[in-house]
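Letters A, B and C name the chains as they come in the text, with residue numbers starting at 1 for each one.
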Amino acid sequence: MLNEWLYLGIFLIIALAIPAAALLIAGMLSPKKPNPIKDSTYECGMETVGVSWVQFKVQYYIYGLIFLVFDVEIVLLYPWAVAYNKVALFGVIELILFVAILASGLLYAWRKGALEWV
Amino acid sequence: MTGMQLIFLIAAAVVVSSAFMSVTSRRMIHAALWFVLALLGVAVIYALLEVSFFAVVQVLVYVGAIAILIIFATMLTRRALEDHGKQFNRATLMTLVIVSVIFAGLVFSLRSWPQLQSMTAPLSADQLDVGVLGLALTAPDGFALPFEVTSILLLAALIGSIYVAYERKEKKK
Amino acid sequence: MNFIYDPVPWVINWLTQLLLSWGLSENFVTTLLYLIGAVLICLGAMLFTTMLIWAERKIGGRFQDRLGPNRVGPWGIFQSIADMLKIFTKEYINPVGIDKIPFNLAPVLAVAAVLAVWAVIPFSQTVFGSNINVGILYIIAIGGLGEMAIILAGFGSNNKYALLGAFRAVAQLISYEVPMVIVLLIPVMFSGSMGLNEIVQAQTIPFIVYAPVACIIFFICSIAENGRAPFDLLEADSELVAGYNIEYSGLKFGMFFVADFLHAFTSAIVFTTIFLGGWQGPGVEQIPVLGGAYMLIKTLLVYFLMLAIRFTVPRFRIDQMMALNWKILTPLALVTVVVTALVDKAIPHEMTVIRIGALLVVNLIIWLLADRMITIYRKRNPVQVVTGKLRPLARPEFLSVAEKETAQ
């Protein structure tokens, strides 16, 4: 088992190293002529107005919250799914209860309008 | 020093140093990103312990959901990208002394504890299978009831968070 | 072990014997072979992307009734190489006020997050990278690292539009992960393990036959995770001017581009592995190298389907996209999992034909019910059509019947 993780670790390091090496090679091959107009921030061809900060909609945060709860729920269901072939009908009843309780949470979010993109 | 020990030391060093950088960063968003690196280091430690399910779940839930939520939350504040100045205050030196004394005391008292020196027996392959966890979660004399209670806990978390966030949306209007 | 029937394990075996005979320790030999394998797969995947870009441009051109690139080499094959040479020599423009480390780390992390999926995929019965027993969750966790790359790109660019584009992109990606993760429970249930090798070995009959609704949901979510049309409003030029990629130039932008195209192919390979049977096919027991050929054919078919959808369907608005995900796909996925679990438990595994028949019938019922509910909902809340009076036209006889009706 540890050999598998060793392979994954080596693979991740190589997967990070090869694009980094490509970027460095291109950095050496390309010209470097910075000037203030080229380096200014892009805002549809105009000068920038205001600091670079946007009014952050709280809707993003609500989507993140709902995603987090569902993510944890599904991760709890994966061991159940691996043991699915060995459990009797009782296990399926458990699944139905679990999913029903969480689906009612989704229904609550739906009715409260938390899923609308304002 | 075997390979495993070396990798463990590197992972532990990454976790501790990125936690330190997260606390002492000048910008909030940098603190959030150092935190992500600490979480990835913990995932590596789980992988070293051969519990691959928890390593993957750590990355999936913590890095994929909680870290993104934290970054969203820091972006909600107006001053996430601002430089807040050095994060040390006048009490730093005294705190360092006290913490080192406590650490030395802990190391001294733990060295005389025999369990720290013994190696635990490695788990056999069929105990590491995720299916065993699944069977335990569904067995009536196992953890079936805590399994269902967890779903109710998640439901409470969902409803509570929507209520809190939604109220803020109304106040903003 | 024959070289013709099974080339890759033969080469690995020969190399292992050679290195051991030089007196190196076994751990070192294993690590060295892992290193060589990782480098070969990563380089191969990245160089294969040039062929993918050429294929996409040619096939896209044909869909749009034009030729696509055809000047540089026969059928324009060398177009991608020419593009690569050009992009290697473009200047890196670093705008003022960027955060150096996130700005430069983002393209590298985006490509790494896509390449890391190739480590766990079984290419044939004997050729696979890593057989961890949590392969499916690993693939989804690596998708989370890709989202991190987008956030790094967004706020490292010191640009309002990049930040806004990055937030929208991450909102889309995390939303479409939910039905995907739910639906991946079904192959895990059928094969009794999360490892990709076991899932492929359990597919004597591909899982698309057992669970078509789950397959369709997974396909839609893969396209949405990738950011391709019809879900590509993040790159729409009229919306956010290339989204989180605005401030990138030269090879850094090229890396995001490579990550995008490679992600499409990687999604096709993952889909093939999980739902279409991977390397299964007639004759793989005797000739394992046929497994790789079957996998390639199936993956290219799925990739062609993704291209066909890209060039045919118009783009979604963001509220339509979110409504599709949270109000249609997630409940559908939950219902599919529950019903499949019930039906599969009720029928013993030996009666294969009855099992397939029952599962297909149940999936059809779910699909028709969902269709019915959506139709009823649409009838009750029709989309507001904004019409005005018909303006004077030069050639009114070319107006179609439908347009005449709505205009009056």
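The criterion applied here is as follows: a residue touches a chain if its C-beta (ideal position, glycine included) is under 8 Å from a C-beta of that chain, and two chains touch if they have at least 3 such contacts.
Quick caveat, the model's predicted, so the values are computed rather than measured.
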Which neighbours do chain B and chain C have in common? A
Return the chain pair with more inter-chain C-beta contacts, choosing between A-B and A-C. A-C
Between chain B and chain C, what distance separates the C-alpha centroids? Give it in angstrom. 30
Geometric centre distance via CA averages, chain C-chain A, whole Å: 15
Could you list which residues of chain C touch at least two other chains? 132-133, 137-138, 163, 167, 170, 174, 177, 192-194
Chain B, residues touching no fewer than two other chains: 52-53, 57, 60, 64-65, 68, 72, 75, 81, 129-131
Multi-partner residues in chain A (2 or more other chains touched) are 1, 4-5, 52-53, 56, 59-60, 64, 66-67, 71, 75, 78, 81-84, 86
Spell out the residues on chain A that touch chain C in their complex, using ranges where they run on. 1, 3-8, 10-12, 14-16, 18-20, 22-23, 25-27, 29-34, 36, 38-44, 48, 50, 52-54, 56, 59-60, 63-64, 66-67, 70-71, 74-75, 77-78, 81-86, 88-89, 92, 95-96, 99, 103, 106, 110, 115-117
Which chain C residues qualify as touching chain A in the complex? 30-31, 34-35, 37-39, 41-43, 46, 87-97, 104, 107-109, 111-112, 115-116, 118-120, 129-133, 137-138, 158-161, 163-164, 167, 170-171, 174-175, 177-178, 181-182, 185, 188-189, 192-194, 241, 246-247, 250-252, 255, 318-319, 322-323, 326-327, 330-331, 334, 337-338, 341-342, 345
Touching residues (chain side chain C, partner chain B) in the complex: 27, 99, 102, 132-134, 137-138, 140-145, 147-148, 151-152, 155, 163, 167, 170, 174, 177, 192-194
Where on chain B is chain A touching in the complex? 4, 7, 44, 47-48, 50, 52-53, 55, 57, 60-61, 64-66, 68-69, 72-73, 75-76, 78, 80-81, 125, 128-135, 137-138, 140, 144, 147-148, 150-152, 154-155, 157-159, 161-162, 165-166, 168-169, 172
Contacts from chain B onto chain C in the complex sit at residues 3, 29-30, 33, 36, 52-53, 56-57, 59-60, 63-65, 67-68, 71-72, 75, 81, 129-131
